[in-house]
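Shared between the two complexes below is subunit A, which pairs with subunit B and subunit C, respectively.
Up next is the complex of A and B:
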């Protein structure tokens, strides 16, 4: 019987899920996802998490709880770095520990460390570690890794090609993918905008070249990957004439966002006529307030266009 | 003569304004919503019906109950209150560059340049300094809210009050009271604290240039107006119809909408003859437990909202 590996549908799931799913399937495992966030999951997460945790981490714990009794393993990698000389937010580094100490009686956690700070090939070490836990051989694991990478590449390609030609306006959303693509905490923001006749662009849709163009505007190198990506995307959107407006989504309690968000907001202010708005989301955010702001923002763009 | 009606149903007040083709205000009405928007809308329509003898060529709704009001009245346009306030401000004071708006439970700032909105802000998780809080403080001090602002102007030495949070502002006020400061100084201190809170919170990072106009229910408070002028170093204009600006904007938008459509969906004032009510239920279809709301006209469901999925979309 194939082993069941549970993947919480939160945080880096939204970035790497095609790769992860393919990888475990290739290792003859059945992947169990916790499903889209629901009120029940958020409530469970808020109850389990320490007070200081940010909203996305609280949500992650809720997803873990959802999977608790359904799987043989939980896949919660310790992601330290995914880029040369850069780091991921410390909360990702401590994620497996935070989960262990917040929830009792969990199935074994596959918490292999992913640290590509010095070289990308460290990933091989990480995937082989996973293979060892699942008792799979070198060749099968290497092939699974390769296939996973291909699946991810294809997924990103599809994201970039998704275009809505009927849309009248183009709005860029700046924010972590685990907020934008979680329809519950983002309160379906992307769909709401689409209904208003807006085409939505996210940082994930940018090509590596576009990202490099954006990043060339930074006065110095940043070593937090996620924040750097946000700054690069912001600068790219600023200089792109096709983008009619930018909405920045930040999560309540996110430390890096409070700095990077502020920097981006100041940059936006320096640019005349740049339509820009920041929305800060937390578990209590009311939908009515969000809708009012979105409508007003789209009105503003429309008005300027006249 | 063609006339257009705007209805603004907010948390605290329900306002109606009627304008003519040249966007001059013909009638206005300010009612307290008192937690019952449907009743307030009906009452408002019945009252205004007796005052108008011209045909209503278009209707717009705005405010937090804009959808509800739109369904009951048959609105030609249902717009958010930020846009409605901006439209009203630039209609009443052409060339306005900053709009400060403080209502019952929310406050906004709208920045316009060359007649176009370029930026806006709205209070998020804090309602300190909005009308409801002032109402509450006035009744705690046993002063009619209408006199609240006037008293602030009589202050000689406004006290310092922490305006960051309305709960702490209240304890601070009580503390100053017990020390023996007089009421005028306390109220003036409160006005200043609220203005600072507004500018730091809602107005953070916004470029405030004149002409500045101050509207919404709280604009009736001269103490707050003066505090704004002092803090900004700019003249602050309170327009004549400051308390129904949302409704005026909504009427202007209705005029635009009808000009485009060529007809109105207004159900007529007789719509108040029907019995409207709402009922809600918790959908147990999935773990989102959406609170779905049904709006009834007599016994027929005419609108429904609140669900996250299309399950309940069809009426």
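Up next is the complex of A and C:
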């Protein structure tokens, strides 16, 4: 019988799920996902997490709880760094521990450390560690890793190509993938905008070249990979005349967002020609209020006639 | 050029003396008051952590007094502190202040960068001069930490506990005024003697409480609402797990100059619970808690600013540590809204709990 590996559908799931799913499937494991976020999942997470934790972490705990009794293993890697000299955020570094000490009676956690801070080849070590836990051989694991990487690349390519050129206006959305692509937390923001006849651009749709152009405007090299990406994307959007407006999504209690978001907002205020709005999302955000703000934002762009 | 820098506990005493020794004109920000906090909160991002806000308040008050250069520490993550300087510069520029910000980035094997920063600050200067300035600053830093420890160790035993703070304040002033390293030493023994001469309660066995958490909140009495004094005057022996000089020794000195291997010990102690660095003092908070239990402390209080990322990880682990080791742990989050009355009530309740626990253990 194949082993069941559970992957909570939160945080880096939204960035790496094609790779993870392919990888575990190649290792003859059945991947069990916790599904889309729901009110119950958020409520469970809020109960489990310390009060001060950020919304994405609370959500993650809720997803883990959902999987608790369905799987043989939980895949919660300790993601320290995915880029040279950069970190994700302290909470990603302590995530397996936070989970372990917040929820009782969990199945074994695959908490491999992924630290590519000094060299990218460390990934091989991490991958083999996972293979060891699942008792799989070197070749099978290497092949699975390669296939996973291919799947991820294809997925990213698809994201970049997904464009709707009929729309009249173009709005860029800044924010973590685990906020934008979590339809419950973001309350289907992307679809809602599309329904209003707006084309949506997210940082994931930018080419590496575009990102580099954006990043060249930074004064200090930033040590948070996600924050850096957000800053780079923001600067690229600022200098791109096609973008009519920018919506920044931040999560309640997110540490890096509190500084990065502030820097982006200040930069936006110095410019005109693009509308800018920050939405801070938390577990209490009401859908009606959000829709009103989105409608107002799109109306504003239309009136301005930009 | 008039240089200023943010406050953090008693840090201004050694830093001021060091910068003056380098021939700089220094404007120490006025002592932190409610106004400092309000200014900082008003102009900082809402969800930034408290130290960033306090820093901004310090800068504004110092700039009002004529400072034109700000000296600030940098960092390489993952804690938000490493990006403070950039954000603060942006905030102050937005407010229309005219100043220069010099951010001291930590050494990453790149001495040239450090010298460039120093040069920017003081121009061409002899290395010996830098050395002597450092030595004097270091002596004062050691001295203020020492009298802080003494005050904490003496306070609960005194017949009149408020005397400890009086001697301590007086001591800080003496050390600040000291002209030479020798002078610092004589003043230090003077203060020690004064502490020893205070009237003590005989046969008194105080409760022992360790303080762990984020460095700024632990070291700055304004933000922790003078927790050492409050606990001490309730008759509790308080020990801080972090002191400025320990921190500098552990993080900035090259390893062969470190006097003790405390860092390693802390890591080992934390290992069963947290096996990886999580930025800031998260790992230390867990490790020190385990060490306090081994040293026979009655309880531990974790202090950190609201939304502090590393400490939130520690906070989620500490309840398990507490259960395993049968050691009460109280986590206190500090921000601009922390009310003193509610805070004191929680401290008193915690101390009551410790007292009962001890009495019960004695009976058994």
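By definition in this document, the second predicted complex is superposed on the first by the 305 of 306 C-alpha atoms of A that agree within 3 Å, B and C clash if a C-alpha of one lies under 4 Å from a C-alpha of the other, contacts with A are read in each partner's own complex, and residues count from 1 in each chain.
Here is the rule we use: a residue touches a chain if its C-beta (ideal position, glycine included) is under 8 Å from a C-beta of that chain, and two chains touch if they have at least 3 such contacts.
Note that the structure is a prediction, hence the values are computed from the model and not measured.
Enquirer: Superpose on subunit A as described above, then tell me if subunit B and subunit C fit or clash.
Expert: Once subunit A is superposed (C-alpha atoms), there is room for both subunit B and subunit C without a clash.
Enquirer: In the superposed model, which partner reaches more residues of subunit A, subunit B or subunit C?
Expert: C
Enquirer: Just to be sure I read the superposition right, which of the two partners does A:254 touch: subunit B = first, subunit C = second, or both, or neither?
Expert: second
Enquirer: Of the two partner chains, subunit B (first) and subunit C (second), which one does A:28 touch, if any: first, second, both, or neither?
Expert: Touch status of A:28: no partner.
Enquirer: May I ask for the angle at the C-alpha centre of subunit A between those of subunit B and subunit C, rounded to a multiple of 10 degrees?
Expert: Reported to the nearest 10, the angle reads 90 degrees.
Enquirer: Mind working out whether A:132 is in touch with subunit B, subunit C, both or neither, as first, second, both or neither?
Expert: Once the two structures are laid over each other on A, A:132 reaches no partner at all.
Enquirer: Could you tell me if A:97 is touching subunit B, subunit C, both of them or neither one (first, second, both, neither)?
Expert: second
Enquirer: Just checking: does A:53 make contact with subunit B only, subunit C only, both, or neither of them? Give me first, second, both or neither.
Expert: So A:53 only meets subunit C here.
Enquirer: Which of the two partners, first being subunit B and second being subunit C, lies in contact with A:292: first, second, both, or neither?
Expert: After superposition on chain A, A:292 lies in contact with subunit B alone.
Enquirer: Once both structures are aligned on chain A, how many angstrom separate the closest C-alpha atoms of subunit B and subunit C?
Expert: Here the least C-alpha separation of subunit B and subunit C stands at 8 Å.
Enquirer: Common interface residues of subunit A with subunit B and subunit C?
Expert: Subunit A residues touching both partners: 266.
Enquirer: In their shared complex, at which residues does subunit A touch subunit C?
Expert: 49-50, 52-54, 78, 80, 85-91, 93-94, 97-98, 101-102, 113, 219-220, 222-224, 252-259, 261-263, 266
Enquirer: Across the complex, what residues on subunit B touch subunit A?
Expert: Residues 64, 79-83, 116-120, 122, 124-125, 205, 286-289, 308.
Enquirer: Taking the touch rule as given, give the residues of subunit A at its contact with subunit B in the complex, in rising order.
Expert: For this pair, the touching residues of subunit A are 38-41, 184, 188, 265-266, 269, 273, 275-277, 280, 282, 284, 288-289, 291-293, 295-296, 299-300, 303-304.
Enquirer: Which of the residues in subunit C come into contact with subunit A in the complex?
Expert: Within the complex, subunit C contacts subunit A at residues 45-49, 52, 75-80, 82-83, 85-87, 90, 94, 103, 273-280, 282, 306-310, 312-313, 315-317, 319-320, 331, 333.
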